[in-house]
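Think of it as A, B, C, D and E in the order they're written, each chain with its own count starting at 1.
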Amino acid sequence: MTAALQLSDLHKSYGKAQIIRGVDLAIKAGERHAIIGPNGAGKSTLFNLITRRMAPSAGHVALHGKDLNGLAPYEVTRMGLSRSFQISNVFHRLSVFENVRCALLWSMGYRYSFWNLMDRAPALTEAADAIIAQINLTKRREMAAGFLSYAEQRALEIGLTIAGGANVILLDEPTAGMSNTETDYIVELIRKVTEGKTLIVVEHDMRVVFNLADRISVLVYGQIVATGTPEEVRANPKVQEAYLGTAMAGGH
Amino acid sequence: MMLDVQDLHAYYGKSHVLQGVNLNIQEGEIVALLGRNGVGRSTTCKAIIGEVPPQGSVTFRGQQIAGKKAYDIARLGLGYVPENRDIFPGLTTRQNLILGLKPGQKDGHGRWSLETMFDMFENLGNRADTEASVLSGGEKQMLTICRTLMGDPDLIMIDEPTEGLAPQMVQKVAAVLKEIAKRGISTLLVEQKLDIAMDISDRVYVMGHGRVVFEGTPAELKGRNDIRKEWLEV
Amino acid sequence: MTETMQSATATHRFGISLRAALPWIIAAFVLLILPFVFDAKSSITVMNQMAITIIFALAYNMLLGQGGMLSFGHAVFMGLGGVAAVHMMRYVEIMGLPIPLPLLPLFGGIAGFLLACVIGSFSTRHAGTVFAMISLGVGELIAACSLIFVAFFGGEAGVSADRTYGLPVFGVEFFTQTEVYYLIATWLLISALLMYLYTRTPVGRMANAVRDNPERAEFLGYSARWVRFYSFIFSGFFAGIAGGLFAINYEIMTTESLTLVQSGRILLITFLGGVGYFCGPIIGAIVFTLLNTVLSRYTDLGTLYIGLLFVLTVMYFPGGLAGLLMMHEPVRRMRRLHLLLRPYLLGLVPFLVTILGCAALLELLFHTRHAMPGQSEMGLFGVRFDSHAILPWVIVTVATLAGILALRALAPALKDAWHDANTVQGDGA
Amino acid sequence: MDLFLVNIIDGLVTGLLLFMLSAGLTLIFSMMGVLNFAHASFYMLGAYFGYQISQYMGFWIGLLIAPLLVGTMGAVVERYGLRRVHQYGHVAELIFTFGLALLIEEAVQFFWGKSQVAYFVPQALNFPLFAISGNAVPAYKVFMIFISIGIFAGLLIVLTRTRVGMVIQAALSYPRTVEALGHNVPLVFMCVFGVGSALAGVAGVIAGPVLGTFPGMAFVLGSIVFVTIVIGGLGSLWGALFSSLLIGWITTFAAAYNVHFADLLLAVGINPPAEMATSPWRDFWSLTLSQVGPILPYLLMVLVLIFRPDGLFRKRGL
Amino acid sequence: DTIKIAFIDPLSGPFAATGENALHLFQYAAEAIVNDAGGVLDGDTFEIVPLDNKISATESLIHLQTAIDDGVRFIIQGQSSGVASALLDAINKHNRRNPDDQVLFLNYAAVDPALTSSLCSFWHFSFDANSDLKMSALTDVIAESPDLTSAYLINQDYSFGKAVSATANQLLAEKRPDITIAGDEFHPIGQVKDFTPYARKIVSSGADFVITGNWGADMFGLGTALIANGFTGPIYTYYASGSGITAGFGESGKGSLFVISEGLTNPPPTEEGAAYIDGFHAAYPGENFLLVRTSNVIRMLAAAIDEAGTATDVQAVATALEGMEMDGPFGGTLYMRADNHQLIQDVHILAHTDEGVTNTFDGSPFGLIAENTVSAAGMDTPTTCEMDRP
């Protein structure tokens, strides 16, 4: 079986600055994979390369065995890949409901249709409301997304990402800015909606990472220094030194 | 007394977000402001710095600052690190830092300089001349903190400084905050991560429903399960 | 923001309800009886003009309001649509094609649509300033070409044709303005309805989303460029329809209908009405056309007043006239409009006095400066007097000052009333 | 060849005149993000003020005072108008300046009438400085060249040696945050707008006597200045200079040489239609380069935007 | 009663100055010639209704419709032949469809010859000598100046400019086949900011005279650029006077600027003419007394209305105008040709000068003095007009 996502010898550099320096990674379908690493290691850049937000300097990304080079982000998205952003990236002037509904449109087959009226598609409305309920924003349903508080925007960000029902989901620090209890809730939610799907998550909160991930990769300075189960990674001295710091290694 | 906030109210349009906040900060003190998402902690900071029109009394070193313009307040020595990072796009890391300097202020004349910043966070030094909007999330976080420090404030309000930082970096920031306090700078820390906040702050306030519902030392808060249940957890 | 409100109420009902159809039925009825209410020839002339402007403004707002694309060259589509319609009119006449006149605007629409396809293919790649400047450049290019390519555009004199070329439709030959009125009104109703429905479709909605955040839209599966392109070509189509109607109404298309001036005008009209609302451009077109007609008839300072109107609108009512009306929507829903009635009525008189007083001062000033010696008599609001005498100045100044003072005195009460009307009893958050 | 040289000089002067206008607009449009359609109106005000002052105190005093007046007016407009409108976004600002342009034109007509006013080149500079094979180059043109260079150098210094540029740029995205760092953003905006307007005023005083001072002078230049700064790349002073000169030369040379498209068509082997008078293609056969000259800048802009949306000079490359 | 006459011409925008001046001339003519003399018919007065068309054809048609709806029966227009032909087309259609409220078009300045030939209409009267007639007068004069050998033609790129160029080519070839055409060029109307490159081209082409139909800013720009860049030969123009142009040229235009136009005002040949000019200057101080034909329009219209005995049946008025003949107070005889509705009058070549000028322009000491006169210009040129008569 081909991997859900296969990165081979991926490079990215800006001028002289090499950000991603040869990443090889295969993620099986249905796997929950976490990527951790110090700030500026290139995690978000990796996401950007996978989702074609930017083109790699060299190397390939394959989704379900299909090479993504040369595709536009929306084409990748249509292949069933969905991502969230580290810094909330929502439709500021649209209401929470509209935001979520937009996220559902393509996957529900509406495409560029100008012969359907959305008001007359109950399934759409119901699906959107269900997502809003899941991310606990029902009370803010009609509020413009730009007016939400920071954490509420983060929740909406996750809502947009999971709405389309993609089978490969990339989350970039989904719980940043959330309180502990919020975090627990969101982790549960993520676990629930990604059941049977492929998940890749970048996170600095180790509770989340160890809680959620089947396997973990550690990215340091643009290279993967370790990949393995949570236990393996935690025990890896290289990882402790480069990332977790001594304090964390013993914890949890 | 550095900062004294009495009966502070603030509105967004019709919604009454702050409903009488009282808090104060002494010289060299680190004070944490805790609370659930959306209770109005960020709004409190914004009201103090004047980004949101405040109603009530805010005194900084005995001087009333409620109603003053944000830039005048900042020039009095109050620094604010916003939660959204607000990195200025189109400018490089270095230029972003330079903008932290007050008008007329020269680099290296205050407690901090570009040098010290780059030493402290070498990520920033490596990317000094990169356009700042492409920095990684964590780097941006460091940059905002440093940018405000460049203005050499006597009191700094930091909104979620550790958000998006790797564990190592979190410890680094905590150390920096302690260092800041050592240099006699007071800090108002808005933090989500309880453990860190409890660890480094001298006193904590807990907010709920637009008011302060608890005030005390971290140790006291640890002992108050009821408060934590009701106001800090869902 | 009304968009969200509308969808909020709409989403709970599916299927066509009477309530949703009611505004359209009323509109159709109003359009039907208008010529009987205002039966003067000149009012029909104005109404035709208004209806055409409404279609154009609605089409323009598909770009600006819905899609966030600021265009400085939209007149090109209307102009080309018109020119195409005129040529079609001539061919039909010469060749005796069996195309009845009422279908002619369709050709204008198609011409606008095709041109939009060509231009949109490269201009919609970007939004923001780049789009705006491409539209400016393309607009100027085509406008300039229209002067150079006389064979198609007719040069300075333009191209003209005769709408009464035969083929009477149910006996109507479109000799009179009234007949043309009903033709235009029908097209207005159809176009407006289609454009309204477009805002309710998935692409129409995505146009909003792309306006706000094109990048995120791409990560939801939509190509921002294609979404913009759809808005662009449909907008071009309806602008072309407006052009076709224009051609029928005036039977001539000249090159200046393609220029920057026309494009700027439609931008102003749309903004005046309010870009955030579907009915905004309609209000804008009606008010602007009326104002233009009235002002050009009664004063030399028309442009000055219009300039002032725009400056003041943008400063105090950035949502446009529709925004001003919509401010009252929450109050209306709470059924508390009556609370505002009294203060509004009270304020109306001093308000009018102030406005008219200022206008009168300007007129006086203008007259004293520009009147010929010995011709110091001027007429204002139906009164004739000597502008060089001191009395009219005193009267006008005193009236204006009184108006201003009265307004200031009434302002607190008005504010309170507004506050009262807007606060819900017993509401916490 | 001599004519070529003369055209180079003429084009240079035209380009530099355009630069004086676009320098102010670059400052305003690219830094403050304001699509200021009233910019050319400030230019017109400069010309009229210059004219009025020169009636009493001569050209040179006018050159000194008129820009100051225009700059002050610009600052006032920013303070009491634009600042309010700024929060509603670019379209609102644009409409505001549109309305303002209308008002200024009306005001000018009110005070100075609808005809061209008699504003002339000062006597001191009204002589041919030198001649190239019979083609005189007036001293005034050389004077214009020097003024433009001066303005360019001055702006370059202000923008590179001070923090003003950075403050404005930062304030475009996060004004509140910039204020919270201690910068008086409103004041900076007001000053920049004032200076930008004053520059337009200088251009007006200088161009008024050569290009004519009449109420339509603003409209004539209204959109070409936008074209200039867009081609150059928003925010780039060098870009503005480069594209001004480019446009100056393009328009001058297009007008200076009689190139017929018919020759081109023949050269590529297309035969003229038999019935020229009724052929739908007849316009192509009578087309000349000087006819299309004025639209070349627009064509250039569209091409530049399609292939290099940031303009010829990269963004922010002062 | 008042008889309303709509004046549809630019009163704002770049061409406002000439439009406003013309409006005042008409308003004065209506007062001085008709109203102060007791009106027409039994005391009906003229009222000029100004309608600003911003020199746009479309805007003009909008005004035309409103004017007709308001009961206006006479339309005056002149600035730009493009607008004139659009108006004419609309008026033809209107009169055909609405026999009850037909209107007449009195054109005082649009001189594209097509208006009185291929486009000619029963409802249209041209009171200015059309550009062919003017060119024919001009070429008569040129034919007698043997030292002129090389011509440069430069015109605005639109119907009128093209007409000027075409006729100049044709007539010069007929009358002076020895003259070479050094250049024959069109520039976009109202778009050229700086005429220096054109001037350089003209100077270096070696032409010794220039013919141009340019008007407004295009005239001023071209003229000043020519003189500033060392052109010394005569510049023959249609419209180089008033609206700031005369003052703008001042001393520099002396001896090189010539205008082809009608009417003698320096001095006026009759007492009546002199009094009329004085009256105008008293009523509109500081304004130019140009466009003598404005008085002809009003005078002939008044006479036609009186003759027809009606101001509402414009068909009768038109018939009265056809073939009308009268002596104007500014010299020569006015004769309205019936076959093409072109007014036949004396055409002069006027020189820009400050010597012996009483009717000065733009507050400067300069004005126009006749150097050559062609009387009843074009009286017997054949016409290609095939007029549909109702």
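Observations on the model:
In this section, a residue touches a chain if its C-beta (ideal position, glycine included) is under 8 Å from a C-beta of that chain, and two chains touch if they have at least 3 such contacts.
All values reported here derive from a predicted model rather than from experimental measurement.
Common neighbours of chain D and chain E, listed by label, are C. Contact with both chain A and chain E is made by C.
Summarising the inter-chain layout, the chain whose CA centre lies farthest from the centre of chain A is E.
Of all chains, the one whose mean C-alpha position sits at the greatest distance from that of chain B is E.
A comparison of the A-C and B-D interfaces places the larger number of contacting C-beta pairs at A-C. Chain A and chain D have centres, each the mean of its CA atoms, that are 48 Å apart.
The centroid of the Cα atoms in chain B and the matching centroid in chain D are 46 Å apart. In terms of their C-alpha centroids, the spacing between chain C and chain D amounts to 31 Å. Taking each chain's centre as the mean of its C-alpha atoms, chain C lies 38 Å from chain E. Contact of a single residue of chain B with at least two other chains is seen at no position. With touch defined as above, chain A holds no residue shared between interfaces to two or more other chains. Listed for chain C are residues 144, 148, 303, each touching two or more other chains.
Across the complex, chain E is touched by residues 3, 6-7, 10, 14, 109, 113-118, 134-136, 138, 210-212, 214-216, 219-221, 251-253, 255-258, 288, 290-291, 293-294 of chain D. Contact residues of chain E toward chain C in the complex are 11-12, 24, 51-52, 56-58, 61-62, 65-66, 68-70, 80-83, 85-86, 89-90, 93, 97, 157-159, 188-189, 191, 282-285.
Chain D makes touch with chain B in their complex at residues 163, 166-167, 169-170, 173-174, 176-185, 315-316. The touching residues of chain C, when paired with chain E in their complex, are 40-42, 45-46, 49, 144, 147-148, 155-158, 160, 162, 164, 175-177, 250-252, 254, 256-257, 293, 296-297, 300, 303, 372-375. Contact residues on chain A toward chain B in their complex (touch as defined above): 14, 17, 36-45, 86-87, 147, 149-152, 172-173, 176-182, 185, 204, 206, 243-245, 247-248.
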